[in-house]
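Input: one structure, supplied below.
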Amino acid sequence: MQSTEKQEFTTSRGTRFMGISLLIGIPTLLIFAFLLSPADDNMDDAVRLIYVHVPMAIFAYVAIITTGIGSVFFLWKKSRWWDTVAHASAEIGLILCGLVLITGSIWGRPTWNTWWEWGDVRLVTTLVLFLMILGYLALRQVPANPEMRAKRASVVGIIAAVNIPIINRSVEWWENNTLHQKSSLTDGKLENLTLFTLFLGFIVVGISYLWLMTHRFRVGWMTTEIETAGIAELIEERLNEGNSTVVNSQPQQKDGTK
Amino acid sequence: MFRDAWLVTKKDLLIEIRSRIVINQIAPYTLLILVLFGFALDADTETLRDTGPGLFWVSTLLVAILAIQRSVDIETSDSAIDRLMLSGISPTSIYIGKTIGLYIQLIILEVMLFIVMVVLFDMSVESYPLIIASAILTTLAISSSGTLYGVIASGLGVRETLLPVLFLPVLAPAIIGATRAFGDAFGRVSSDGWAWLGLLSVIAIVYTLVGMLTYGNILEDT
Amino acid sequence: MSTVINLDQSIVFLGQFPALTGVTMSIDQGEIVLIKGPNGAGKSTLLHLCAGLLPMRSGTGTVLNFDLQRQRMELRPHIGLLGHRTGLYPDLTVKENMKFWASAYGSNDNEIDKAMAFFGLSGRLESVRSQNLSEGQRRRTAFALLLIKRPSIWLLDEPYAGLDDNGRELVNSCILQAVEAGTTVLIASHQINNIGKSDQRTLQVKGGRITIEPEEPSKGDDHVS
Amino acid sequence: MFRDAWLVTKKDLLIEIRSRIVINQIAPYTLLILVLFGFALDADTETLRDTGPGLFWVSTLLVAILAIQRSVDIETSDSAIDRLMLSGISPTSIYIGKTIGLYIQLIILEVMLFIVMVVLFDMSVESYPLIIASAILTTLAISSSGTLYGVIASGLGVRETLLPVLFLPVLAPAIIGATRAFGDAFGRVSSDGWAWLGLLSVIAIVYTLVGMLTYGNILEDT
Amino acid sequence: MSTVINLDQSIVFLGQFPALTGVTMSIDQGEIVLIKGPNGAGKSTLLHLCAGLLPMRSGTGTVLNFDLQRQRMELRPHIGLLGHRTGLYPDLTVKENMKFWASAYGSNDNEIDKAMAFFGLSGRLESVRSQNLSEGQRRRTAFALLLIKRPSIWLLDEPYAGLDDNGRELVNSCILQAVEAGTTVLIASHQINNIGKSDQRTLQVKGGRITIEPEEPSKGDDHVS
């Protein structure tokens, strides 16, 4: 973090490393997904979406849970660091969650013959999660006292995080009524190469998450830094205003300050 | 702590009795919703009865939003909130008190709504205990998260709009569960309604706890 | 005497606006401090800060030995604040308002009756809803609520606004009596320049900062500006 | 007269934009109602589509209540109403202005709601002219009676108990008519939707006239 | 000079309460009338009655030759009322508030700028939402609105409350200037006893009725009590 104070950009050795790994990882994933891994027996080529769909779903959860943890620590330690973490993670969570919805819909079109199914629990709960994050970010956008806003947002973040288990377990609870895949990972029915590609997917999405996180965190940190830097100026203005009021109302008085 | 909470509850209920905003202005809408749906779907009363449970909870939730806003307005309209925060009543007590106040009002509304629905839609109840248990838990989830979110959405200069945006997704799982439980209690679906009570209790308890723990943090900076 | 309020370079933002731009002051127990300054100078904000109702952006401060950064919650019960707005529940009667707060403060019925009688609120007015009160009656009620709370610090923001001559005298006598008993009183008012006690101090607020220390320092302390 | 009315409308809309009951905040709200309902009714999308028109108007009405309350609050919260009444703007202009302000907000809301509903519930429209005509008339009925009702309900003058008595019977026929018209436009019911437009226009016109004629009387005694 | 306000045995009820119990008074054009009286006496009610905002239960009255029983609507545009509450739209900025009312009154931009500058509202404050103003700034805005309306009668209810010294002077100079131009001004205030003009009158209100005519009758008319 010290480095951010000196640097113009949000890059550092760590993120550059991650960036480079992504440059290598993403093409590799694509190659494995589209060329090397086999098509599924009943899902055909559409199965290839699983390599991004599932990792993104998992990391969407990770992102929101990170937001929750950041929020708890912010309320506890009152440290801006945690607040910035929570905020950054939520934004990435929103993107991931949105991508899960999109890839899922694209996937659903050939496999279930529909873009969207209201009766499906997984779909609806994922949408609900998406809306929760949207609400969180809407609250963060409100023009208000930053401290007050941060506290309120933390509470919303915590509530969103405690909903993750509920949303995740929902498939089990709603069992009778879902089109959506049940844990095919744990069934152990996947072929080796498929499994490996999926594993690769996890790693790539994971690094992407970390990479985005660090950048977004630094941007957030710098934003507050800039705001803090502006304070002196605002205060100067305010003091002058005080003086000018004095001049207007009591012209005989020469010295307002000190 | 509970003495203070009860004070706050009593005060909120007294204000409601005096101003009758919830009863006179909010309650009629729930009835209107049911009547409208009755007409809108008339053709086929089976459909109507199938929608009954969902309709019940969706309208309860929407009316709850109005009631929550009212509960916040009571404190903020002439900045009584300042005095409340200086009063020495702990935020947890305020939270509990306002939650109970809201709870009581919502339960009364639900009873009315329920009676009207059963009569209008001609529905028959198979399991009253299930109805009562799920209503108790869901209303707790609504009022505990509502009290919390009401104050989160207030005083930001954004007015009413933020509340539904934040509040509805958080309650969606509870409402879904409650709808299913009611569906079973009315004999409209074949799922096991009692299984849903587990979900509902988890949600109700978690929200109440989060509310009790974090309400103070929010009040700190009003 | 002990210092009850101590602010050092306190900066407070309201939204994006620096309402207090670095206030440094220290006030002893039992003092009466008059806060003067043009409209928008930051007087009300200063009182809200001392009440623990606003977060400080930077600077340090203690009130009654509670830290303003970390212990605002603990501080608040000891503060009596009379703001520009009276904060009554409009739908409740005067008596009901009094009763609710009395039980919150742990005051008894006797105290309620005394405070209400003192401010001329007994009789018919008891059962008038506070939304129907006249402006002055509403402020009298707010003051009666302050009396039954018995806080250690009184923060009065324009306490005289809307009060008639009799009301002003009542308020003054309350203040003097409270100060006798060791209460510290801060008054922001455009209306008066002294409340009839010689050892009061006057602070001048301007542009969100205290500008001039009074020429008559009350107790020889170093109340730095 | 219309210049003054337009002033009032502009002012109300500006306040709405400032206090951010703007498109991007209402959108999630309406979306959520539909999502919740979609899930509450679960299983069977035919049922969902059957309820679509009713759901549309019920949600519109609910949001309208918020908007009406807000429209009244704007004037009464710090007694701006006194200044308005002393301003020389005729009560009829105030009434027209506030009605138009409400109307514009509701129409925007309805367009969004409509799009979301058609997409989410996967509904197909058979007759756009019918949809548009009935929406225009019903919204006029809601906003004209809502403006009038709002000022009555705010305790200005007439006792507030009058409000449910007045408003509900007043709007129920309009909403029912609109639901039927929409039902036909979506091809969900076999009734003749255009026939309902007659009822809707009568209601809209009568309410607007009544509002214009009586608003002044209500304001006169504040 | 012509009589602009004439009340005869006016009785006004607020809810079930007789706030005015038979007021008889007559006020000439160009007068400054100070209305005094204890809290809850009925001063604000009297001003609202004169503004045509309250119905009379019994009695007769004319203001600017409009009958208070039948022509209140026609009367209202000629009245400028500054009440206890400022009646600004909290979500709009000061400038937006001014602009809206200016177009309602038919005032031009020049008048707005002048009024705002006069009350020290130009510059930064123009674009502050009125909910964020300080109490005094809010009242200054309300007074600026009165200026751009140019009504024939000014009814000022505690106009000085919340204003700083400078603000009070500005208000006083406005009043005197308006009276020069033939405006009639009624002021209900606990804060002042005269506004620096010799031929002002003072009316005492008590129990909803005018009790004492001033000993210095201003123009030898028969202002019956």
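Letters A, B, C, D and E mark the chains in the order given here, with residues in each chain numbered from 1 onward.
Here is the rule we go by: a contact is a pair of C-beta atoms (placed from the backbone, for glycine too) under 8 Å apart; a residue touches a chain by one contact, two chains touch by 3 or more.
Note that this is a predicted model, so its numbers are computed, not measured.
More inter-chain C-beta contacts link the pair B-C than the other of B-C and A-D. Greatest Cα centroid separation from chain E: this falls to A. Relative to chain D, the chain whose mean Cα position lies farthest away is C.
Distance from the chain A centre to the chain D centre is 37 Å, each centre being the mean of its Cα atoms.
Separating the CA-averaged centres of chain A and chain C is a span of 45 Å.
Chain B and chain E, compared by their mean Cα positions, are separated by 46 Å. Centres computed as Cα averages put chain A at a distance of 30 Å from chain B.
Touching two or more other chains at once are residues 91, 120, 129, 164-166 of chain E. Contact with two or more other chains is made by residues 19, 25, 28, 32, 35, 39, 41-42, 44, 77 of chain D. Shown for chain A are the residues that touch two or more other chains, namely 124, 128, 131, 134-135, 138, 143-145, 147-148, 241, 245, 249. Taken together, the chain A residues at the contact with chain D in this complex read 116, 118-119, 124, 127-128, 131, 134-135, 138, 177. Of all residues in chain B, those touching chain C in their complex are 4, 7, 11, 14-15, 18-19, 74, 77-83, 85-89, 91, 216, 220-222. Residue ranges of chain E in contact with chain D, taken from their complex: 51-55, 72-73, 76-77, 79-81, 83, 85-92, 96, 100-101, 103-105, 129, 145, 149, 151. Across the complex, chain D is touched by residues 20, 24-25, 28-29, 31-33, 35-37, 39-41, 43-44, 47, 50-51, 53-55, 57-58, 61-62, 66, 77, 157-162, 164-165, 168-169, 172, 175-176, 179 of chain B.
Chain A meets chain B in the complex at residues 75, 124-125, 128-129, 131-132, 134-136, 138-139, 142-145, 147-149, 151-152, 154-156, 158-160, 162-163, 166-167, 170, 173, 176.
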